[in-house]
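Dropping the structure in here first, questions after.
In this document, chain identifiers A, B, C and D correspond to the written order of the chains, with residue numbering beginning at 1 in each.
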Amino acid sequence: MHQTHPVSSDENISKQSFIDRYKAVRARTVDICSKLKAEDMVVQPIEDVSPPKWHLAHSTWFFETFLLSAFSENYKVFDTDFGYLFNSYYNTIGERVLRANRGNLSRPITSVIMRYRAYVDSCLTEFLENTNPTQEQIEIIELGLQHEMQHQELLLTDIKYILGMNPTFPRYDVNSLVDTAVENETGFLSIAEGVYPIGYEGQGFCFDNELGCHKVYIHDFQIAKSLVTFNEYIEFIEAGGYQDFKHWHAEGWDWVKKNQILSPMHMYKVNGEWMRYSLSGFQKVVGEEVLVHVNYYEAAAFATWKGMRLPTEFEWEVAADNLKWGKAWEWTNSAYLPYPKFNIAEGAIGEYNGKFMVNQMVLRGASGATFPGHSRKSYRNFFHPHLQWQFSGIRLAK
Amino acid sequence: MHQTHPVSSDENISKQSFIDRYKAVRARTVDICSKLKAEDMVVQPIEDVSPPKWHLAHSTWFFETFLLSAFSENYKVFDTDFGYLFNSYYNTIGERVLRANRGNLSRPITSVIMRYRAYVDSCLTEFLENTNPTQEQIEIIELGLQHEMQHQELLLTDIKYILGMNPTFPRYDVNSLVDTAVENETGFLSIAEGVYPIGYEGQGFCFDNELGCHKVYIHDFQIAKSLVTFNEYIEFIEAGGYQDFKHWHAEGWDWVKKNQILSPMHMYKVNGEWMRYSLSGFQKVVGEEVLVHVNYYEAAAFATWKGMRLPTEFEWEVAADNLKWGKAWEWTNSAYLPYPKFNIAEGAIGEYNGKFMVNQMVLRGASGATFPGHSRKSYRNFFHPHLQWQFSGIRLAK
Amino acid sequence: MHQTHPVSSDENISKQSFIDRYKAVRARTVDICSKLKAEDMVVQPIEDVSPPKWHLAHSTWFFETFLLSAFSENYKVFDTDFGYLFNSYYNTIGERVLRANRGNLSRPITSVIMRYRAYVDSCLTEFLENTNPTQEQIEIIELGLQHEMQHQELLLTDIKYILGMNPTFPRYDVNSLVDTAVENETGFLSIAEGVYPIGYEGQGFCFDNELGCHKVYIHDFQIAKSLVTFNEYIEFIEAGGYQDFKHWHAEGWDWVKKNQILSPMHMYKVNGEWMRYSLSGFQKVVGEEVLVHVNYYEAAAFATWKGMRLPTEFEWEVAADNLKWGKAWEWTNSAYLPYPKFNIAEGAIGEYNGKFMVNQMVLRGASGATFPGHSRKSYRNFFHPHLQWQFSGIRLAK
Amino acid sequence: MHQTHPVSSDENISKQSFIDRYKAVRARTVDICSKLKAEDMVVQPIEDVSPPKWHLAHSTWFFETFLLSAFSENYKVFDTDFGYLFNSYYNTIGERVLRANRGNLSRPITSVIMRYRAYVDSCLTEFLENTNPTQEQIEIIELGLQHEMQHQELLLTDIKYILGMNPTFPRYDVNSLVDTAVENETGFLSIAEGVYPIGYEGQGFCFDNELGCHKVYIHDFQIAKSLVTFNEYIEFIEAGGYQDFKHWHAEGWDWVKKNQILSPMHMYKVNGEWMRYSLSGFQKVVGEEVLVHVNYYEAAAFATWKGMRLPTEFEWEVAADNLKWGKAWEWTNSAYLPYPKFNIAEGAIGEYNGKFMVNQMVLRGASGATFPGHSRKSYRNFFHPHLQWQFSGIRLAK
């Protein structure tokens, strides 16, 4: 989930409420980590997962680099090594630690990173209070906040992976509802053929991959009102879904065979009973709840087995206003590609757009880990088709 | 290039002319191999390349399995091992030799495979002569011929790889014009915004991935009248195109760095001069000729460097009637995905459609290696974005 | 460094002094870790390195499993998961976490492991105080202490790797002298041809790979009185030693090329000056100090370049009484193989002897990280020839 | 099996008989290949195996490079590319094709290589006839012949692998007895403790790794009069030998698990019956015959299961005169290391001695594929412990 560029910011926001919002967003990242032990902050069991302390530092580095170092005259960088250590993929900015190596770095320790956060927050707050921030500066801060919200979701995903792969299955938070949702509706919504507008049109923030509002011709289709539940998916498993190549993409089937996959991530059959690891602990599967942690191959195979298909991202967007979405990121059958007239922003901030537009599939909606309010129907999330570690589920279409 | 299913066949074809056509297509495969040595028939330097004798056998196996074994009552299979050895990826049919292992099999030798071809051709011709073939049987044979034409193109591509990676650069055919084409036109064609029909509508043969003729909304665009030439691409190289990440997709840049890529496949800078291996031998690059052997990453990076982009497959199809195409497969910026209402055929023949529709990009047009007549504007070729070994080039859009 | 089985223990030791010794050895492990941060306890940058908290737990698990669970009637295992988590390679005992996966386990956290240590220490002390331990039990405890001393050395080695690979080069202990030693002597010692006894003959503890005292015929040889210094080795580097295949074993040369090795581990040339990371910090190389962190390939290549060779482990043992050794583990030119009449002990404790006797080279001596007193001239250390992360150096012979 | 350097040559050989011998040895290589098809000459299914046409060329290149180019004034190299293509591992001589890449080179084809052989043979014969060859030249030719005999054995081994891995199991030669031998003797030979001479002492040819005749102290031991048979080894398999880690070296056990090994190479259990591929075809195992195609791990595991061990290479050499050896290469428990006073020859010819002396185990004896007469009790063959593709068997000791 790497997108960027604010196109507008609500001009009615007063400076103080903007500062308050800054503080609130930043505080939530720390709050997510407050349930962890120091040891949890360091590990990186797979390359896709980043250590929690890296998220804490990287989201801070964003504000330091793109706002304070760029615009605050007397700003003194907290630690010159941090540019190297906490840059993620901005080649424009300079060398960076190989992603796979993040979990090997025990230093700087979390308490130092917390001092880094406090220092940057204090400098940035002071900067806002003492200056008249330009529209560009406001936009960069807004982008940094959106970026931080994305990392909050990744943090929850990564924490689930870190604790869930531990053979002792430690709980994150016994009261967490992040990965627990129930669906009640049944049936399909029908949409009529025609030309529809796609993309963001409002006045608020959006990423540039949503821009270039344009027309798409859509044929008649039907889309499910509910996401697929554990019960429905277990039917697929028990019917031998993971043993029959004919439901699968060729690459999906290779993935199943090579990794000996028998179920979605975090699901286990123990003594004949389906269990799963959720952030609230290791527990029995509740069949009515929304399935999460399937990858695109699994989503597509399930749909094929049902004699249906996944919706395209355009169908999803057209239907969205009439769907109760937000319980899990929803795999679409659309590849992540640029919209017509897509433009890449100048400089480092623009770097991470078009460059990810190959070999990834679009997910629409939001999950229980998404920052409240950090979602809209034009939002385009994207991941490689083999990845299960997100809170990702299935909505059927036909 | 793996597609299938004829939807119609010209009913006016007389049986004899159909038999003649069968013989002509089959003969061309043998003809392509006639310029090779026995040793050339065996090797498989990379997994994507198949040994020429495998192509000879596999295309024959198709007719044996799907027609003779299925419909000819007294047909005796030539060799029961061949089903195992020469199946490519039809899981429905049974076990198969791992693709990467094809080049390790010295037996059966080419002369045995040539006997296999003769045997199947004779049985099939006899079958056609002595029976009244059904429409289904005609369609299967037609599909087998289309399949064989695809393998003829792959044969030329694979032969070029096999000889071109040999440090002695042996010639395939001094008179070959397969990978040599000149472009004369300049400028761009403009197409107006609107709803356009996409997909195959005729009465002849097509693959099922072209079916489901449907409407697409297309915005104003311009498309180049000519393909990019060696001269234009060398400009990109000499300007440091392979050294600057900002033109590249993130995955493309990783590919460049990991493989230390400095130019398209089969191009070499020797003593300050640009050389290339073509099927007619190792020779100086002629700058005005059409560039071939770039992958999608290179095509996209070049377009970005030019401040333009690649066309989508829909834009290409809409413009095709006004373009002189056919000199090299053209990378589009469309991912290979199903058309609306795409249906998978029953049984093994239907197996290889939807299952490749992930992580590949569409190429449109045709190359100098394409069977004359085996091309049409709705034809959807597709390959993984990192592959250079095809006769693939670049057409710009904006 | 994995060896086992005490053959004797000093029977004159009083029980109380044995308990005191137990406490002292155990305390040193905790002391070594006391200079680390919680975050340092978790990481495993390469498979050979184990996280410090794993060492703390594994050495405790040894006493719990082989003594308390085996002999103490009412002993209640601290946590049943720990058998799975902290077994290293004892297949007899059951499943274990894959070695490469140790660094992915943030739980149990260090404070829990410290409670585990306290619990086991208290139970074991109580057991000793309240019973009359048998000779077998004494031997197991003695073995556990020897095992713990080995892990203390590994801890220092692993800590050096963990901190030394961090781009910020954090210090372990500014006063550490573990990897700093000076050599003063020059010249060679001459030993005359003859039959010599090899192996352990005393009454104290030894590992079973030292047993089977036997005769070896040794020809005339000379052995250096000092280990190779940084200055001497830098001469080799500056003379192009890493660029000329002819000094190297074929596998050593492959290792150099594949990993682009230019110097021993923890050495760097910065602005024309040789620097190294030592446990006391990143600093200029002191040329007179003993070279450490070469692997067998480097040791052998250096010796070849000097026109000499490495001693065999038998030559080393014969000369040992006349050498001042102990400043760095010394690569010999002997493969790690069983002595004549070598016997494997019964059960799990015997498991880790013969099974490592292939593809490893013997090191003799001791290093600055070796527990004081935990060394003797018959001690056989062993590692794979490509490993640099030990405190390993070079003594020449001819 | 890569050794070198003749130390002496029988001076009583007349020039003509030397020429005749040259022709006879060279002819046998061609004869071994005469039973192959052109396609068999090219393939390289694993890196350890070389294509037969590569052996034909490489053994010729040796004479061209080290004799003709070095000493024959007007000699014109057959093809300048061949130095690059057919050098094996002589870094001194220059660039070479990566070993793993040999099977990708279809050119030069076999008939060209046969011309190369004829050309070199004719030039070399002429050289011998028209000059008075020096002792050094005689020694180089002798070394070339010994080298060729080694490659003849490798050819048979590689041919067996190439045909044996083909699912159709083609025969090499229905009358071949290369991998078929019977043992009749039983019981053990006892050898008394003492100092014994080891190494080559005669006047004939030997490799330099056999030189440096020296003394070794050997303790009492017993060595089996016969090699292990298929029947004996099948007992080990049926007793679960491949399922119980405790017989195995740790690395051997990893190899078993990772590769899911259930039996030696070329052995298969089909419908409850033990079959094997031999050069005379796919056939039932004859239990009384000598087991071949085990690696060192298997040999050692079998010995451990029997409560015995493998002999050292020194024990083997001391016992050899009283053993009927030569039916299969015999794994010893000695690592391949230099003898005392081992010296590396100058220049390229000396290059391939010491450089292989790490991580390999010594085999003694000879196999049915060894050139008649190309064996002696001091001969040291060596391979990596995981390799099964040689004609290698087991002799027990205790």
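Convention: a contact is a pair of C-beta atoms (placed from the backbone, for glycine too) under 8 Å apart; a residue touches a chain by one contact, two chains touch by 3 or more.
Owing to the predicted nature of the structure, the values given are computational and were not obtained by experimental measurement.
Listing every chain that touches subunit A and subunit D alike gives B, C.
Comparing the CA-atom centres of all chains against that of subunit C, the greatest distance is found for B. With centres set at the average Cα position, the gap from subunit A to subunit B is 37 Å. Centre-to-centre, using mean CA coordinates, subunit B is 58 Å away from subunit C. Separating the centre of subunit A from that of subunit C, both taken as means of CA atoms, is a distance of 45 Å. Counting only residues that touch two or more partner chains, subunit B has none. Contacts between chains, counted with the stated touch criterion, involve the pairs A-B, A-C, B-D, C-D. If you check the complex, the residues on subunit B that touch subunit A are 89, 91-92, 195, 214-217, 219, 221, 245-246, 248-253, 296-297, 300, 304, 309, 333-335, 337-338, 340-341, 351, 354-359, 361, 385. Only residues 37-45, 53, 81, 84-85, 97, 101, 103-110, 162-163, 165-168, 170 of subunit B touch subunit D when the two sit together in their complex.
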